[in-house]
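Two complexes, one shared chain (chain A), two partners (chain B, chain C).
The block that comes next holds the complex of A and B.
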């Protein structure tokens, strides 16, 4: 038994616009213009065979980006390619690519008024690497009966069905777009451990989009941060962690060490201050901080993500 | 935790093309199976009830000493066709999102719907011919008048039955595809344009009715022309050609609509 080669993805200058609006130009001429720009010139490569976190605030363009990879939608301009290294192809209407890419959306994509077994049968028929045994075991673990109609499932159970489909499909590119919604904490942790276990046994590319960054960051090897339709960063998670650090100590000492560095966040408690700074400290600066009684700390990915995507005053 | 399984090298271009063909076939077959299963189940119930009514009404009328002006099939003006039309709206549209999420392509979806509709149409055609033949035997046995003003006729009972199978199969397939195209039209074009798209689909339905003298259109035409169906070979061939044209246009409209469907992010 073998595992298919994991898929990578590449987007070049991708723009996605939705809808249109009417606008009056030159006093009387009415023209129709695209209303919403969901992705604005995205250029990005996602490595095959790793777990990549896709982070962004609401409306940053995460779901749009992920839907392009699964050929749910097409870009307004730019190119998208998906496949094993060296054999990437446009996924749109490409049966070989789409049968090997599984996007699980938070809405779940099931037939609501038929038994769950009918939807699962559909996935099993179309997915070349479907593992029926794994699907049964996971549904059992999440306490979901295949005789239930999806429309009657709670949001959390429905999300668990989505998680089951994503794992049992064993697609070389598996994408979970906020599948945790409605799941209670034990179910979420069970899902994370199943992802890790199955990924270890069947290496593939997994994209995870989540707002619960603190919970899932331990799974990430790479991270992509989207901000208002643009790629803010795309790099190994360790590089992202090295993008910031915190200094905690007496206000005057911290201010001196901060200098002209970009302050991402600042918190005061009496005479003690904690600042989150962008960049990394050199050996001399570390020694100076220790000498001044200032504690140097790491910054969780979630905090960095929040600070880096904070709307700047000039943008408001 | 088990050791990771060995990862295969990516397939060559030829292998990818073969895998794509296999994936398309699998996806199209699944759609076809779903459409046929829905028609077999729900359509089976429809025909069972229709047959009970079709036998029960003339029996009751005959016992009461009443008279009937023609059979139930003709006076109900293509009810099975409209039933198939409604199923055509419901069944394919319910599976489209699931189909794309499961990795199927839009082309495989429309191909599967067309094949499923053709099989459902054939089933409805056979049942219609059996039903009409049954009426033809039952009514005289009960002392009631039976005749057909609408529909294509070939001159002999066996040829008429075969022609009914073919004409109903073409018509029902067209009705199903028009229903499916209307449902996909709403998904693709939105509420207003999707509603406007109903009109051309109704034109195709009228074309199939008028060409093969069946359904509401056929009944209206037979009342206007006051003729007992079409019996000349040339007219039958022309009628079937018109039916085929309507079917091809409905299949084309469905394919054009499905191939551009996008699933918008739900968040």
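The block that comes next holds the complex of A and C.
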């Protein structure tokens, strides 16, 4: 089977607002929820054929964004386009686009009260590039029988079924929305390896959303960080890594090198201070740091993500 | 693996250079493909490819169309020369600067080096 051209996506000034509604809280108490803005003017392009991480804290708008791409939802305003480079189309009620986009949600979207094989048959019918052999192999690796009813599966096994469907679909745009959160560590590692192996063989666009960054950051080539409905950054992950650095050393020397730079984080251990700073150091500053006995380090993407999305008072 | 402070592609390149230097990767020997690298270390294949591209530019690796990446002839010698040159700037220089800072006379440093040398030599002989 030939590999279809990977899909790219574009969003232009997209706003998604959920209307006011009443919600049941704690038994029979009803409260009126005001309209919330899930996405607030998002303009973004996702490169075709690349694994992109979609990061954001809870409620940042990740799932809303991803559901737009799969036409599970429609923007309040703005435009969404999905498709091979140069031939992107609005995915809404667009059978050709949606049959080539697979969104895997944590729920798994399975037929709960019938054998798993029924759910697989459903996806096989729906997805033009479905690889049944791969599905069987992955389920075997995750130790799941197709005779089980999905309703009886644990959260972790259910996620593994979702992962299997996501990969076996071979969709030109494959989206995993926090699917691996319920898996145990060995299953997650197996999932990462399978994603990379299949991606290398059948290049396609893969989006992985998470708020747990540490384990998955190495899978990404690009990264999008959402913060309260807005795009905080969208760039190659190497560029994000270069957005910050740490200085560790004697307090006075660190303070001098820090100068007026924005401090993302500060940690003190006796007379030793570690600061996380935004930006990058020039060659002169590196030399000055070395001379002053200050160690320069990189900041893990997870920490940058936490610092950059931390609620701030003044400059926002 | 690859938990250092540098970007991962830099660390991959360092690992391959170290393997060539140590002779674990012989000249003309094939190195792992980007796919094998990606799945073994669970990193994006593009990251591995970036490391390989850098090593091709340095002349450590070369590509054979349809076959993969191979260690270039003379790669080990070139890396040895490069590392020997940098040894004084990056290793011995700072060590001597530290000795100055601590007020260790140059004579003591020399005596220590000769002493160690002698003891290693003795060990080798026995």
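In this section, the second predicted complex is superposed on the first by the 298 of 316 C-alpha atoms of A that agree within 3 Å, B and C clash if a C-alpha of one lies under 4 Å from a C-alpha of the other, contacts with A are read in each partner's own complex, and residues count from 1 in each chain.
Following the convention adopted for this analysis, contacts are C-beta pairs under 8 Å (C-beta built on N, C-alpha and C of every residue); 3 or more make two chains touch, one makes a residue touch a chain.
Note that this is a predicted model, so its numbers are computed, not measured.
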Clash or fit (per the criteria above) of chain B with chain C on chain A: fit
First (chain B), second (chain C), both or neither touched by A:258: neither
Centroid geometry (CA): angle chain B/chain A/chain C, rounded to a multiple of 10 degrees: 140
Contacts of A:298 with chain B and chain C, given as first, second, both or neither: second
Per-residue contact with chain A, leading partner among chain C and chain B: B
Partner chain(s) touched by A:200 [first = chain B, second = chain C, both, neither]: both
Touching partner for A:99 - first (chain B), second (chain C), both, neither: first
First, second, both or neither for A:220, with chain B first and chain C second: second
Partner chain in contact with A:248 - chain B first, chain C second, else both or neither: neither
Partner chain in contact with A:86 - chain B first, chain C second, else both or neither: first
First (chain B), second (chain C), both or neither touched by A:37: neither
Chain B and chain C, minimum CA distance [Å, superposed model]: 6
Chain B/chain C common contact set on chain A: 197, 200-201
Interfacial residue positions of chain A with respect to chain C in the complex: 50-51, 189, 192-193, 196-197, 199-201, 218-221, 238, 241, 297-298
Interfacial residue positions of chain A with respect to chain B in the complex: 1-6, 18, 49, 58, 63-64, 67, 70-74, 83-87, 89, 93-96, 98-103, 105-107, 109-111, 113, 119, 122-123, 125-128, 171, 177-178, 197, 200-203
Residues of chain B that touch chain A when the two form their complex: 1-11, 13, 16-17, 19-24, 26-27, 29-30, 34, 94-95, 97-108, 259, 262-267
Chain A partner contacts - residues on chain C that touch it in the complex: 2, 5-9, 34-35, 38-39, 41-47
